[in-house]
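Let me begin by presenting the structure, written as C-alpha cells, before commenting on it.
Order of writing sets the labels: A, B, C and D. Residues in every chain begin at 1.
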C-alpha cells in the first residue's frame, strides 16, 4: 500500500479526493491537513463521513508529511500551493498539485492573470502538465504533476485530436463554457448565495478568465503554434458539471464522418474519453460523479464551422478524479484504478 | 376600453398574457379559448387565479371572436395558428400572433425548418415582424403582427445597433444561447421531467434550431445583405430567462467606448432595452417577470472580437410582454402601458 | 400623496417593499436608508432597478426622516430596529416595523428567545400586531405596527378561524413548516451556499425557532388560553415560499364540511386569504410574488385529526406585502391598494 | 459468481440497481428485461453507461430468467409485479421484489389503498418484509423478499428502537415526510414538469398515501398492537432524498440522553443506520447516493414530545440499495457487500 496525504482537505476538491481514494485499494490515506480545522476530526468537517472514515486533521508540517506519506495531493487554493509544494518536492515526495500554481510555464503570465507574483518560479519548468489522457507518458516520469484546471480539461480534451492536424482556423476559435457552482469553491459569497444564484444564469469574467492562458499554452503546444482565442465562462444554477461549446472553422472542407474518425482513433485507448454517437448530445448528468469526458461533434455545413461539445464533472475529471488518474500514472498503477465510478443518474 | 381575446390560453405564453393584461387599464379581456378545456372555468386551468379573475374558456369560434373582441392574441402552437389567424384577419380583427407561423417571409423556409407545409402563405407578406423596440413605426400600421421568437428577440436586440453599420464581419458570427425550461412549453416530456432536467445542462438542436432562419432573415434585413451564422441553444435548469452570448469580429479596430456610444444612441428612446455599464454583466434574474432586455458589451482586444451578452425573460420580452407592447402600438396606446413591471428579485 | 421612507433598504424585505410601492399610486417614496451604501445610488444596490427608479441611499437620520416622510417602514434586522423605531415614534411618524423587535409583549420572552436584552421595552405595549387580515380594526388606529414574522403569518392565518371556538385540542398541535431560502436573508452563509443548499433538504432549530413564542402569544390571544406547541421549520431548496402543515386533534367529531364553513365565513371579507376547494392542495407557486395566503383543509377521519395546510410568499404576505397592507390600513387607504399582484407562474 | 437478473430495468429503481451491482464483486448481471426496449442495447436506455456496460434488453420470459439467473430483482411497477413474481418463484428463483405488491399481508388492504384487486394473494404470506437492518434474520431464510417502500424505510428505521418499548403514545403519532422527485418515477407528468415543479413546494395525497398501511402494519408488528397514525408526504424540488419528521408524545418523562442510548444500543451492529450527535441535524445531502439512514433525536421538553428526523436516499436505502442489502442477506454474503458507497457531497 502506498501512503498518501491530502494537504487542504476542507475544500471541495480535497473532499472529492477523499471520496475517490476511499474506493482505491492500492493506497492508504495516512495524512490530511486542514489549517482551520487542525486537531479536529475529519467528521467535523464532513459529517457525511460518520461511520466511514476516522481521521484527524493536522496543521501542515513538511516533516510529518515526509514521515507519513509517499505522495501528497495539494488541494490548496492557488497562491498558497506555491509555498507548500516546493517543500514537499524538497522532501522527495511525489506531488499532485490541484492548484493553478504550477500549470503555466511562464511566471510572468501567472502574475498578469492571477495578479500575484510567483514565489517558486524555479518549479515551473519541473512540473508536468497532468492532462492524463493526453500526456500519460510524461506524467509517469513526473515527480510534480500540475493537475489541469476544470475548464481547460473540458476544452483541451475536446480539441486535442484535431489540434495538431492543420485542420483548424485558429483565429476563428471561440469557447463558450458553462459551469456548475461547485467550481467556485466552498467559501460563501453573494454570487453563490442560494437566493441570488438559483433560477439565475450569468456570464462572468467575460474574456478575462484566468484559465485562458493555461488553455492557450497547451493548445499552442498541441498545435505547434501560438494560439489566442476568446473564452467566456458562465455560471449554471446546478452544483456539478461543465459543458463547453467550442466553435471553430476548418481550413478545408471535410465530412463530419472524417472528423469523427480522427477523434475515435485518437481516443481509442482512452477509457475516460467517450465520443458520442451522432444521435446524442452531451449532458452533464451523463458524467455526474464520474471521471468521464463525453464529446460530441457537429459539422455545421451552412457555415463551415465545427462545433465540439464536451462535458465533465468539474470536481472529478476536472479536479480530483484526474488527480487520482495522475497518481495512478505516477505510481505505476493501472490508470483507471479506483476510478471505475458509474455516473449517478438521475 | 378595447375588447381583447386570447386564443389558446392554456399554454405558458397565453397564461402570461393573462397576467400582464390584468395590470393593463386600457383593455378588457372579453374572450378566452382553450380547446381542451372548453366550457370550464379559467381557474380550473390556473388555480392561482382564484379570487382574481372569473372567466370561462371557450372553444374557438371566429364568429364569437368577431362579436366579442377588437383584437386577438393567438397563442396557439405553430402549425395551428396558421389555420386560425387568417379567419381572424378575414373578420377584420387585429391580430398579434405569438406562434412562428407568420414570421418567415418565405413559405419554403418555413416548410424546411418547421417540417410542415405552410397553409396560409398569402399572409406571409401581410404580417409585420413585431420586434417592438426596432420596428415600432411599421407595427403601428399593422393588422397582423408576427410576434418574434424568444431567442430571436434576445439576439436581434443585441445586434441591431451595429448590424447596419458595416462594422461586423458577418462570417465570424456565433451565437450561443441558454434558455430556461418554460420556453419548451407546458407539455410534459422526458427532457423536462424534473429528475432528468434538474442539476443537468445540455445543448439541443445543435446548429439546427428552427429560430435560425428567423434570425437570419431579420439580421439580413438590418444588415442589407444575406446573413448566415451558427446558432446553438442550450437548456438551463431554471424556469425563466434567456441569455445569449454573441461573438463577432469587427471589420475595423474600434474602442469599446465607441461601440457603447452607438448602442446608447440607438436605444436612447427605448425604455425596455437597457445598456449596462461596463462594470456589470447581465443576469437573467435582473429581468425576471419583466419586459426588459439587458445588454452588455465587451471588446476582447486580444482577439479583436466583440462579445455582446443579452438577457430577457423568455415569457415576457420573449413572448407575452412584447406581444402586449405590440398591442399597445397597434392600438395607439403608449408603448409601455401595462408593462411597468419591476423584475422580481430574489 | 403620502410620503414614505424605507429604513434598511438593502435587505430582501426592504427590496420587496420597493417593488410593491412602485405599483402603489397613493404614496411617494421620499427617503431610503442603507448604512453600508450611504451616498450611493439605489441602482448600485439593485442593478435591476436601472431605468425604473432613481434614488440615493442615505445614512439614517431621524431628523431627515421626520422632515421627508409621514410614514416609515423599518426593515432593519431584529436587534437594530429597537434602537431606531423609538426615535421615529418620538418624531411622530407612523411606523411599520418588519423586525421581530416589537411583536412580543413580554421583554423577558424576547431576551430568552432572541438572546439579547430588549432596549425599548416601553414600546412593547404600544405596538399593534399587524396580522392584517385578522386585526384590521386595531391596525387602523395604530402608530406603530409590528409586522408579523413569515412563519407566524402562515400559521396564524391557518388557525385563526377555529382558534377561538373550543374546537381544538391544543396539546395535540404540531406545526411542520417548510421555507424557501430568502427567509434567511441576504447575507451569505455556508448553509445557503448554493452547492450546499441545492439538492438538499434539512430541518433547523428543531423545536427551538424564535418565531415560536410569537405564535404562542397570538394563538393564546385568539384562543383565550395559554398555548404551547411543537414547531419545526425546514429549509427548501427554492427561493420564495412557505408551506406550513398543521396537525391538530379536535375536541369533538365534526364533518370536514362544517369546518370548511367556519373558514369560509371567517374569511368571507378577506381578499388575500383564499380557501381552496377540496380538490386542491396549496402550492407555493400559486402565491409566488403575491400577497395571497392559500389554505386547504383535510379532516383525517382515521385519526380524528385536522390537517390544515397554508402557503404564502414569505417575502410578500410574510413580510413586505403585509407591511404595505398594514400601511394602507394605517393611512386609511383601501387595504389592497397596490397589492393587486397576480402570482407569477410558472 | 451468483447470476442475477433485473426485470424492469428502465425505471429509476432498476437503473439504480444496475449502478450498485456494477460495484459488487460477488454477482454477475446476466439478464435484464425492459419490455418497451426489448432487443435494444442498454446504452440506448442509459447513454451514461457507454463504455461501462454492454448488455441487451430482453422481453421478459420466465424460462429465460430461470435458465440465466439464480436471483432476480423485480423492479416493475406495482400491479405488474404480482403477475411476474409468482412465475419466478415457481421457477425456484430467489426474488427481491421492489414493488408494493408483496408488502401488505392482507389482500383487502392492498385493494383498498392501491385500488386494484390482488391477483396473487397466496404469495402475501410467503414474502418476507425486507427491512434489512431490522429483519436480517428472517430475510436470510427468504425466497421472496418484499423490499420496503421509500417512505416506510425512513419512518420504520426512525421508530423501530422505541416502538416495542411501551414508550410511545401511539395516538399522538404524526409523520410529515418530504421527498425528492425521483420517487415518483421516470414517467413525465404535469406535476413533475420542470417549470411546474422547480421553485415549488407542495403536499400531496394528504392523509391518503398508499404507503400508510404498510407503515401501520409494520409499526403494529414492532409495537405489538394496532397502530393508526397521520401521514402527509410532500414534494421537494430536488431529485433524491427523503426526510421524515416524526412527532410523538411519550408515555412517561424521560431524558433525551436515555432515549439516545436506546437508539445507539439498538443500532450498534447496523452499519447503515447512523445516529447523529446532538449537535447535528440530518440533511439529505449527507446520504446522497449512499445506503445510509441518518437519524437525529430531539426531546421537546416544552411539549413532552419526541421529534425524530431521518433521512435516506430514496433510490438507494429507499429502494435499490436496500434491495442489494437484502440480496446479500439472501445469498449469505456480508450484508454491506457492494454498498460501501461514500455519499456524494456537494
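The rule is simple: a contact is a pair of C-beta atoms (placed from the backbone, for glycine too) under 8 Å apart; a residue touches a chain by one contact, two chains touch by 3 or more.
In this text the structure is predicted, and so the values were computed from the model without any measurement.
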**Asked** Chains shared as neighbours by subunit C and subunit D?
**Response** A, B
**Prompt:** For subunit D, which other chain has the most distant CA centre?
**Reply:** B
**Prompt:** Using mean CA coordinates as chain centres, what's the subunit A-subunit C distance in Å?
**Reply:** 46
**Message:** Distance between subunit A and subunit D based on Cα centroids, please, to the nearest Å.
**Reply:** 36
**Prompt:** Using the touch rule from the top of the page, what residues of subunit C touch 2 or more other chains?
**Reply:** 12, 180, 182, 195, 198-199, 237-240, 285, 346
**Prompt:** Once bound in the complex, which stretches of subunit D touch subunit C?
**Reply:** 171-172, 174, 176, 178, 180, 195-196, 198-204, 206-207, 228-230, 232, 234, 236-241, 243, 245, 247, 281-285, 288, 296, 298, 300, 302-303, 305, 307, 309, 311, 346
**Request:** Could you pull out which subunit A residues touch subunit D in their complex?
**Result:** 12, 15, 18-19, 22-23, 46-52, 182, 198-199, 239-240, 271, 274, 276, 280, 285-287, 289, 292, 294, 340, 342-346
**Item:** Residues of subunit B touching subunit D in the complex
**Value:** 12, 180-182, 186, 188-190, 192-195, 197-199, 237-239
